[in-house]
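Take a look at the structures listed below.
What follows is a pair of complexes built around subunit A, which joins subunit B in one and subunit C in the other.
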Partner chain A sequence: MSKSGTLYIEGDSLFHRMDGAAKLFMFAVWTVFVFLFQDIRIFVPLFLFGIGLLIAAKLPYKRIRFFLWLMIVFNLMNCLLTLLITPAYGSKVWGTTTVILNLGYNVLTLESVFYVLTLTLKYMSMMPITLLFIFTTHPTRFASSLNRIGVPYKIAFAFSIAFRYVPDLQTEFRNISNAMQARGMGFGKGEGSYRERFKHFVSIAIPLVQSSLHRIETVSNAMDLRGFGRHRRRTWFSATAWQRADYCIAVICVIVMVVAIAVRMNGFGTFWYPFTSV
Partner chain B sequence: MKQSVLNFSTKTVVAIGIGAALYGLLGNISIPLIAQTALRPAIAILTIFGAMFGPVVGLLSGFIGHIITDLTWGGGQIWWTWVVGSAVTGLGMGLVSMSRSFNVNEGSSSTSHIVTLAVAGSLALAVGFGVSSILDVYLYGEAPDKMWAQYGFATVSNVIVHLVLGVPAVLGLLKLNRRNSNLKVMK
Partner chain C sequence: MNQPIISFRDFSFQYRSLSEPTLKGINLDIYPGEKILIAGPSGSGKSTLAHCINGLIPFTYGGTITGDYTLRGKRPADLSIFEISQTVGTILQDQDGQFIGLSVGEDVAFAFENECMPQSEMRPLVEQALQVVDMLPLINQSPHDLSGGQKQRVSLAGVISMDTEVLLFDEPLANLDPASGKKAIELMEDIHQKSNKTMIIIEHRVEDVLEQPIDRIVVMAEGEIVAIGTPDELLASSMLQTHGLREPLYVAALKYAGVGLAKEDHPTSLELLSERSEVRERLSIWLEKELDITARSASEPILALQDVKFSYDGERDIIKGVSLHIGRGERVALLGNNGAGKSTLSHLFTGIAKPSSGDVLYGGERINDWSIRKRGEHIGYVMQNPNHMITQQMIADEVSLGLRMRGMAPDAVTARVEETLRTCGLYGYRNWPISALSYGQKKRVTIASILALQPEIMILDEPTAGQDYKHYTEFMDFIVSLSDQGTSFLFITHDMHLALEYTDRAAVLHDGHCIAQGPTSQVLTNIEAIAQANLKETSLGKLARSTGVAQPEQFVRHFIQHEKKVKRDE
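Take a look at the complex of A and B:
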């Protein structure tokens, strides 16, 4: 995370200019769309389209690289775990069995490998829009857009506070950890047994929670003094007005959603397997 | 003074925010057991904040905090199903503070409250993670057998965190607050 505590990257692409509420709506539609289908023929184009959008947003590759690696490691682990525990699950999905490897306790089937591939692409197709959303939306603007789509402003403000205090608590955490290390407590590898290290982490957590409780008092007093929560509605300094682009994207999202639901209702988009006749 | 559950005072709003930030931050510290399933010391934060501020703060801290954790460590996406699981957990952790005579800030509690906290929290973990697992099977298309294996690991390990870290922490806070509240409030 950057010093301001957010992942937000300053920029001037279409996505940076878009209103937070429109972006949130697009994010939601994308998520529901991915949840609806189980078909690799849908996920591949969706993923490529998402990557196209990411490139169009001109986000620096350096910042995204970390997330790409995380995603790759995550998906690899997930695939391995799925194949280890249920190596024949794919056969249950499609009803055919093509054995490629005998594992002793079960057989690994080609169907399972294809199933894992489908699942991986499903996860991957969620990645671009998530990155796009978190990198191009400023947290306070995010809070104001939450409020706009109907979330009560006190909950929206809680979101804002949460993002605001992550870096502060991070600093606090580091301070306490340094103080504890100065007293000879070990946290890294080889600085004690697992049990000891776990205990040491607890000794950071307690003062951290204590200071957070004090912070709650201070912050809520400050907010009370400024009259927070006096009125039923609240305006936002960072609120933006909807532009033509926002309306266009919102309409496109609605159309895509309706089409997707109609297609899904007709039975298309469940698990698809290309080698059934083999 | 005890607030009603649905009355959002300024303090509630701030408690949700700070609780979520803490849960999100400490969520980064995890001891991996098997892929995507980890021993999360952060669960204890939900125990503490639930017991202190009630179910609404627990629910929303869990919800927002899980989103914050996933933004950095979710592998490029937010696991909405597990966000819901965290929220349900937070809700369950807060149920004990619905009792009028339980108040962490004034150090007032009885053994039955602590037992309720331990049991309700554990049940909430089991139910919340169960909801997440079922949603994972239907929304993400995960293999059920693998999901149950993960569910078992996640629930057992986090119930242990709740009982070993969370409940003693609440006991510690109760003791700390009891020490300086010998005065009785005249009503």
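Take a look at the complex of A and C:
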């Protein structure tokens, strides 16, 4: 996380320049698209295309590393559990059974392995666009875009101000836990049982919540005194106007969406299995 | 005479949740273009008065109002808080909390945004306002890259941009180091001269505010206005001292020396006063008086740093070779501006940070490898804000927490807690919920909770921040009594008064170096070090220099001894 507490990474790619609402629209279309289909032949190119976009945005690997691996690990866990719990589920999908391994309580089938592979790629094809969205969107600019597409500004603003105070809370948490350690409270390994350590973390919450409440009072006073909420709408200092690129991308998204729905209506894109003849 | 812009007539206010009125019978007229200081100890009602002026009362905080308050002839009840905020612009005390935007520019633009100003018109106005407070180059910075003083200037720009007739500053000097505070006061005067706006400054640090001209001072105590007058009138009287406010130090020194001050003598001007021969004579006579207070003798070091260096990233040193020691039973001040490395140094003592080279010694033993917890058994650390330390509901539980953590037997815990509470004057409150205590009392509870662990030395981070003179004095006298019983103290502070009156030795930290160290009276009159560290010389040193009656160090020492004698005789 950056020093300013937001995940936003300064940069100058197409994605950085894109308006938040256009980006959100693209993200939504991408999501719907992925969930319309169950066909690995669609997910593989989509995934590669996404990776291409991610590389083009030139986000430093160090900064996105954590989220990247979080998604990958989560996905792998998901696969593994699916395989372990329902090792023969793939056969239900395609109606054939090709046993690879006898697990004792059930059999693992080739169909299931392929099913899980399809599922994994489906989720993985969401990964690049999600990272792009998170790391190239400035919270206030995003709030202003949300407001423009019809989200009430009070809700949109809440989104941006939450980011403002995250790092303050982090610092405060660190300070409080240091002071507590100096009084003999254990937080680390070997400094008490799990139960005790958990209890100690909870006890830090008390001063943290108290100071947050105090902060909320100050912030809301400061906002009142500067006229927040006076009118039914407001303007945004950091708003970006839609550029030609935003319109182009929005149009492309609409076309892709229409084509995708048409294709899907014609029956293409359900679970595809290459080994049916086996 | 023109019409007052702000007018209180027999005005009283009682918060809904309280049984007593907080403001009683307020009569006050403030005229356009005036620069007013409203001073008073905590609990005097000065913040409540500020809330009435800017509309937070009655729009955010409800309660009962009797009498009249009018703003430009209108009663707030007939306006909305938004309309009031177009006449009165407020800069709140909490520099961080009131910074709403994710960048400097956004924060200044906040009011414009709420007024639905088109983006194209907003930008030049924002830039113009930032120009006034000298912050334009930082327009894209995030609040986390700014110091407290810089954040305050951004908030000021935000309010200036609204072009309100009245500017209201609620404790602008709280949390600012001396250099930033001085700058803030100068900036206010600059804006006042250029715009001739009405300015209301709520503050209890009278001396610091009076460095720039003020038209009138309003003194508040216990919810009432007890005095209104020009600074000269009030400094000549004893009104400030009587009502728990601190007079400028040079005025106190002159009064000790028996110099009669009348308002015609212009007591606000140290320069004019020191030109008078009578002043010099009196001071010389006063300085010759023997004061039989013996200096405390030096003792062996209990905690020391030896040529310690520290760096967060392994490249750039934050602490660049500091050697420093605190003797047994000694009180030492670690002075320095924000960013000088004071907190890092306290982290090195407590083990939160480990030195990259050099040694931390406790009673002669090298403790570099001791954990935070192990050090905590000998070195107590008290944070600035008591609310950050308190995790229990009841006082006795809070004080016993550390002992229970150590696995002490319940009987022994009870005995130790009772003893500690007695020492700290909290025994009568032992079964009270902590939430019922005042800020100063909470601060005492945090001291008690550390003291119960019987550390040899306590490190106090800004111990007097947020406390007015009366509570400050009470609190520090309490610390002195603890130190007389043998506990050593290290105060991390930028409060020169605290160092001056309550410490034996002082060290000045600047940019990771310790640039001066020695007896407090000597360090505080070392103008080169003070200037280099961006601290502020006390007015005592200035008085000594401009009258030439004594060496500044000798003068300051004499003043401290006189104060101690006065206190002892009481």
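We take it that the second predicted complex is superposed on the first by the 278 of 278 C-alpha atoms of A that agree within 3 Å, B and C clash if a C-alpha of one lies under 4 Å from a C-alpha of the other, contacts with A are read in each partner's own complex, and residues count from 1 in each chain.
Methods note: a residue touches a chain if its C-beta (ideal position, glycine included) is under 8 Å from a C-beta of that chain, and two chains touch if they have at least 3 such contacts.
All of these numbers come straight from a predicted model, not from anything done at the bench.
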Which of subunit B and subunit C A:Phe49 touches, first, second, both or neither: neither
Which partner chains sit in contact with A:Ile206 here, subunit B, subunit C, both or neither? Use first/second/both/neither. both
Just subunit B (first), just subunit C (second), both, or neither: which does A:Met223 touch? both
After superposition on the shared chain, which partner residues are touched by A:Trp272: those of subunit B (first), subunit C (second), both, or neither? neither
Is A:Phe237 touching anything from subunit B or subunit C once the two structures are fitted on A? First, second, both or neither. second
Mind working out whether A:Arg164 is in touch with subunit B, subunit C, both or neither, as first, second, both or neither? both
Under the stated touch criterion, which partner chain does A:Ile176 make contact with: subunit B (first), subunit C (second), both, or neither? second
Considering only the contact definition stated at the top, list the common interface residues of subunit A for subunit B and subunit C. 160-161, 163-164, 168, 206, 215, 219-220, 223-224, 228-229
In the complex with subunit A, residue positions of subunit C that touch it: 54-56, 59-60, 80-82, 85-86, 89-90, 92, 94, 96-103, 105-106, 109-119, 122-123, 126, 142-145, 158-159, 162, 347, 350-352, 371-373, 375-377, 379-381, 383, 385, 387-391, 401-402, 405-406, 449-450, 453
Under the touch definition given earlier, write down the residues of subunit B that touch subunit A in their complex. 8-22, 24-26, 29, 31, 34-36, 41, 44-45, 48, 52, 60, 64-65, 68, 71-78, 80, 139-143, 145-146, 149-150, 165, 169, 172
In their shared complex, subunit C is touched by residues of subunit A numbered 3-6, 138-140, 160-161, 163-164, 167-168, 172, 175-176, 178-186, 191, 203-204, 206-207, 210-211, 214-215, 218-231, 233-239
Which positions of subunit A touch subunit B when the two form their complex? 1, 7, 31, 35, 38, 67-68, 70-71, 73-75, 77-78, 80-82, 85-86, 89, 115, 118-119, 122-124, 126-127, 130-131, 134, 152, 154-155, 157-166, 168-170, 173, 198, 201-202, 205-206, 208-209, 212-213, 215-217, 219-220, 223-224, 228-229, 271
